[in-house]
Amino acid sequence: MSVSSLQVAILGASGYTGGDAIRLLACHPNVTLMALIAQRHAGEAVEDVWPHLGATDLPDMVTPEQVDWEHVDAVVCGLPHGTFQAMSTDLPDHVKIIDMSADFRLRDKEVYAHWYGQPHAAPDMQEQAVYGLTEFYRNDIAVARLVACPGCYPTAVLLALLPLVSERCITPEDLIIDAKSGVSGAGRGLKQQNLFSEIAEAMHPYNVGSHRSVSEIEQELSRAGGVPVMVNFTPHLVPLNRGELVTVYARLGQGQTADDARRILSTRYEAEPFVNVLEAGHTPATRQVRGSNLCQIGVFADRLPERVIIVAAIDNLVKGSSGQAVQNLNLMFGFDETTGLEQKPLFP
Amino acid sequence: MSVSSLQVAILGASGYTGGDAIRLLACHPNVTLMALIAQRHAGEAVEDVWPHLGATDLPDMVTPEQVDWEHVDAVVCGLPHGTFQAMSTDLPDHVKIIDMSADFRLRDKEVYAHWYGQPHAAPDMQEQAVYGLTEFYRNDIAVARLVACPGCYPTAVLLALLPLVSERCITPEDLIIDAKSGVSGAGRGLKQQNLFSEIAEAMHPYNVGSHRSVSEIEQELSRAGGVPVMVNFTPHLVPLNRGELVTVYARLGQGQTADDARRILSTRYEAEPFVNVLEAGHTPATRQVRGSNLCQIGVFADRLPERVIIVAAIDNLVKGSSGQAVQNLNLMFGFDETTGLEQKPLFP
Amino acid sequence: MSVSSLQVAILGASGYTGGDAIRLLACHPNVTLMALIAQRHAGEAVEDVWPHLGATDLPDMVTPEQVDWEHVDAVVCGLPHGTFQAMSTDLPDHVKIIDMSADFRLRDKEVYAHWYGQPHAAPDMQEQAVYGLTEFYRNDIAVARLVACPGCYPTAVLLALLPLVSERCITPEDLIIDAKSGVSGAGRGLKQQNLFSEIAEAMHPYNVGSHRSVSEIEQELSRAGGVPVMVNFTPHLVPLNRGELVTVYARLGQGQTADDARRILSTRYEAEPFVNVLEAGHTPATRQVRGSNLCQIGVFADRLPERVIIVAAIDNLVKGSSGQAVQNLNLMFGFDETTGLEQKPLFP
Amino acid sequence: MSVSSLQVAILGASGYTGGDAIRLLACHPNVTLMALIAQRHAGEAVEDVWPHLGATDLPDMVTPEQVDWEHVDAVVCGLPHGTFQAMSTDLPDHVKIIDMSADFRLRDKEVYAHWYGQPHAAPDMQEQAVYGLTEFYRNDIAVARLVACPGCYPTAVLLALLPLVSERCITPEDLIIDAKSGVSGAGRGLKQQNLFSEIAEAMHPYNVGSHRSVSEIEQELSRAGGVPVMVNFTPHLVPLNRGELVTVYARLGQGQTADDARRILSTRYEAEPFVNVLEAGHTPATRQVRGSNLCQIGVFADRLPERVIIVAAIDNLVKGSSGQAVQNLNLMFGFDETTGLEQKPLFP
């Protein structure tokens, strides 16, 4: 790696989003992974935590205290929600932060306290945070110090809906979002519900009516729509590792059609390297984006008059997390936005 | 098996629904499987078609012509849609018919022609057919000659919605039904889309806006509601064998609540052996019904005011097909309705 | 349930083997499940621990102290290895014990201490224990107080090999046993390695050269062969819930052939309800035994001269654990051995 | 893509190995995919055959006749076995061929005829073919016109065994190879046995004693060992898409140990970018190579004296097929051997 490489640290290097960030950045031509931070695994080699990365030349796991922060240009954070806030204020000012957790996604501290059950621990940092939905906050991200990457569900939902709400193609009332996710989104924590035998050959909804993703979705749709938006969001757990699919049932605006919706989305994302609006008759599927930073969006006429169905598929760990983080990092440091994200979806 | 056993033939004995009917009826104390009919497999032993049934004492596969229909009391039919109609008129009058295909489910021949793309081939038989949703047509089924078992999706949807529509707890407008199914529902036919590698570690919607299950659902909801009902029905394919989950987003009737909806369903199904309305806070899951004839229903308040979410889970091959067929057979021949259907769900 | 029902308690009612024993015994016509013992879940309803059994009329979970042992006829134990020994001596003498753990499987206490890393805690109980491989210890089991059911791997291996070793059809040297198991065999404990995302779309060997199943296999093969037998046993983890497959590579005895081996096994198991020796050209598969108490065995000629391949498939939770326990319970209390075990394999 | 790009055609562009070659080569910096040949799909867009490649700028499918062969530098062939031979002689001499099928892997035409049931259709071409196991035929491949890439099973087996046989660390007698594969190795053809519902939640051996991979394995081991080698090779089908694991049970040579075996392999592959010999105590797993061109090898002492266990894991579609093809293409055209193959394994 060249001397002029960007020096990047990963915080939360033993979780699935942290691990996927390592996987992507280990191949990034402009980045050196100079510190992999995982408190409980400090001293362990990468292959002990991530045997799939064993053949890679990477440093051992360390504690945050062991990091030479003076030489860190950027930190990508994949800590559990609520963990990074307190710690964030200790980082030297020159360190740019790309946070994949939920800690800085919500602008309104009261909304944060409501959904996360505790006051925000770093309100000043929150002021500086930019919501890291790359396709919508590109200019802000490029100059930000702290970018709060959206959750995986909000990423798919917002890419599908923001242009339609902005252009009044759909009404912001009665938005019904039925979401399905693979299991890696639940993280690497030890919970009975995440055991193989509990999930394989099975499916079920969870957190019906109370999933925290609602807060981000409503924050951004309200801003786009110019009115307070309230949505139904119902996630389901599906027996696969990577993949997230959202099926949105929406009411069309006055005089609008499904074709109008598709056209608006196609136009909006025409130049976007990672958002792919499918032609009529084609259907998004998670296998078509697996392992890649792509988001596929499809639009379908509903049998019910004046309604439309919008479907979006992403890989929850890539576009829904580490890939989007790398995309933002590229933007923040002036690299081509697609650097390190070129690989095609892995199918089958 | 006793001399007085009911003599049952299976038509379509090489498909998944036929195979599952064999599995269940091979253990039914009042039934003798006297003919397994599978045109293309005639002459083969059961274990060649269904190796999991090889340790069972069952007759070889035969053609319809080889069957001694004089001694058949009942036929359970699992043929592909459109195949049984023409053949149905050839069966002797004394043979009672439990059809698991879609051939006789739609009362209106024009609706049938619309959805299945061809005129009905046995309109006279259709006149006699009873829709085999056991919990709602018990009296008619008990005396019917021909019972048309509902499709797997309509079974789950109608069990969840019929009482609510009848009692005006939900309005029949804007019913949005997001359905997810395991793969066995697609049958044993050779299609690329059903190959393991196309489906494993993947999910996607299919037949968006045009799935034939809509026709049955609307037929029955319209009858229950007393008005023509039109629904959104969007199925998704999920990588598991057995299991079907429907998540319905409905508008509550005037002054109704989610608790009202749960109470109506609980009361309606209190005495039903196979419909289990969960208490508040419990969530239906396909693993909780796998391999059994159970339908689990859960009711959830929506964040959106005046709306409710109803979730139902079944095993598509059992309650959604062969189990419901056995339940109807029991009813038609005076056996206890649960005979042969006692086994508990298989988890994990 | 009749007043004369056998009163059965389940110890370890919250683990997978305990749960599967509940599933089977809840349908057993001669059994009343009078106590479900799960220390950490005492006070919880069955549906809170096992939502798939929620529609069943079963008692709440209790501690061992809460059980009225005077009225318990038999206890089926599914505790983690090493847990039951100390407790076993406290049970009243009239209580018959069917233990699914490894605590009493090894006759030689030193062998036990070697493989389990601690001295046996109830050596006197061990003296009375009968090894519960039903097909080989039927007479002893029928009169035993304490039956130690074999592990799931040993069950499949021993059913495949014991008759061949006894009759010198294969030599007991250089036995190579390549085993593959679904994940439910690893139990419901919280370990990272059992998380869905660690296992799905993956496979690997584990405990190479050091799996405890070796001790039971060698104990029984040595007895059958009349000489100390040492085997290679290499287990692999495969992404499915239920199913165990062992592929044994053996050297044929002087003048023996694969056909001889098949004939010996067929003859030996001709009258056995749960062991199914396949004809030449048919292949065992876990899908063909899933959810049932069946063991399928197939014999194949090897390309290598004077060698043979024997393959056995079981459902690790049924024939490999709870089903075999029920089979033994039937034997100990004079019920037909197949009672409660009649259900056919669940496929797909 | 630069004007000086290598012009590559894919033959069999609609099969899984062809599709995976497209996936990899679409990102290869020195390659232009100028023709995707799929007879039955000619005229279709890439996204109709491979929706996961829809966002890529690639040409439509064509017939072989539609290709401007004058401008083709290399063809990567993923046709079904037996299909390419006849066609191979029609290709202009300047076109270099990387064949992923079995058509040119066997040097001895009689061995070919024996295993493939028909005489070789292009014996002259066979004379020129080089066996494409990169790590062992690097010099020949670099100057070859026709490279016959090994099958997926032989790739893993030979990487694990060749150095050990060559150096007499293991004896070539009684080699027992228990292999397990994901389902993509079975191809995209329509066979009942490849349907999702036949495979999910299941496993079984297949082609016991008669799998064609034996022929390649024996050809290469015999050459390395200098004596005719005969092996047991028993493949099993496991419910995952990508991944192949071989567990080899071998007898150690005089005075050799498992540690010797590991040392020999480590030394042999020290400079190899894609072969990773694990340290003692580490275990190969398919999840650790998924989606990458890596082969992981582990060596384990056997309980049985004088024996050793060698385990190798690859992604059957990458190192076992398209990745190895790209590696060979790089070698044949003077690119760095790792070009286009840098991506890390995808886990989870």
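Things worth noting here:
Think of it as A, B, C and D in the order they're written, each chain with its own count starting at 1.
The rule is short, and it goes like this: a contact is a pair of C-beta atoms (placed from the backbone, for glycine too) under 8 Å apart; a residue touches a chain by one contact, two chains touch by 3 or more.
Here the structure is a predicted model, which means the values were calculated and not measured.
Matching B-D against the pairs in A-C, B-C or C-D identifies A-C as its interface repeat (over half of contact pairs the same by residue number). Ranked by distance of CA centroids from chain B, the top chain is D. Chain pairs A-C and A-D differ in how many C-beta pairs are in contact, and the one with more is A-D. Note on chain placement: the centre of chain A and the centre of chain D lie 35 Å apart, centres being C-alpha means. Chain A and chain B have Cα centroids separated by 39 Å.
Separating the CA-averaged centres of chain A and chain C is a span of 45 Å. For chain B, the set of residues that touch two or more other chains comprises 16, 184, 197-198, 200-201, 239-242, 285, 287, 290, 348. Touching chain C in their complex are the following residues of chain D: 174, 176, 178, 180, 182, 197-198, 200-206, 208-210, 214, 230-234, 236, 238-243, 245, 247, 249, 283-287, 290, 300-304, 307, 309, 311, 313, 348. The touching residues of chain A, counted against chain D in their complex, run 16, 19, 23, 26-27, 47, 50-56, 184, 200-201, 241-242, 276, 278, 282, 285, 287-292, 294, 317, 342-348. Residues of chain D touching chain B in their complex: 16, 183-184, 188, 190-192, 194-201, 239-241.
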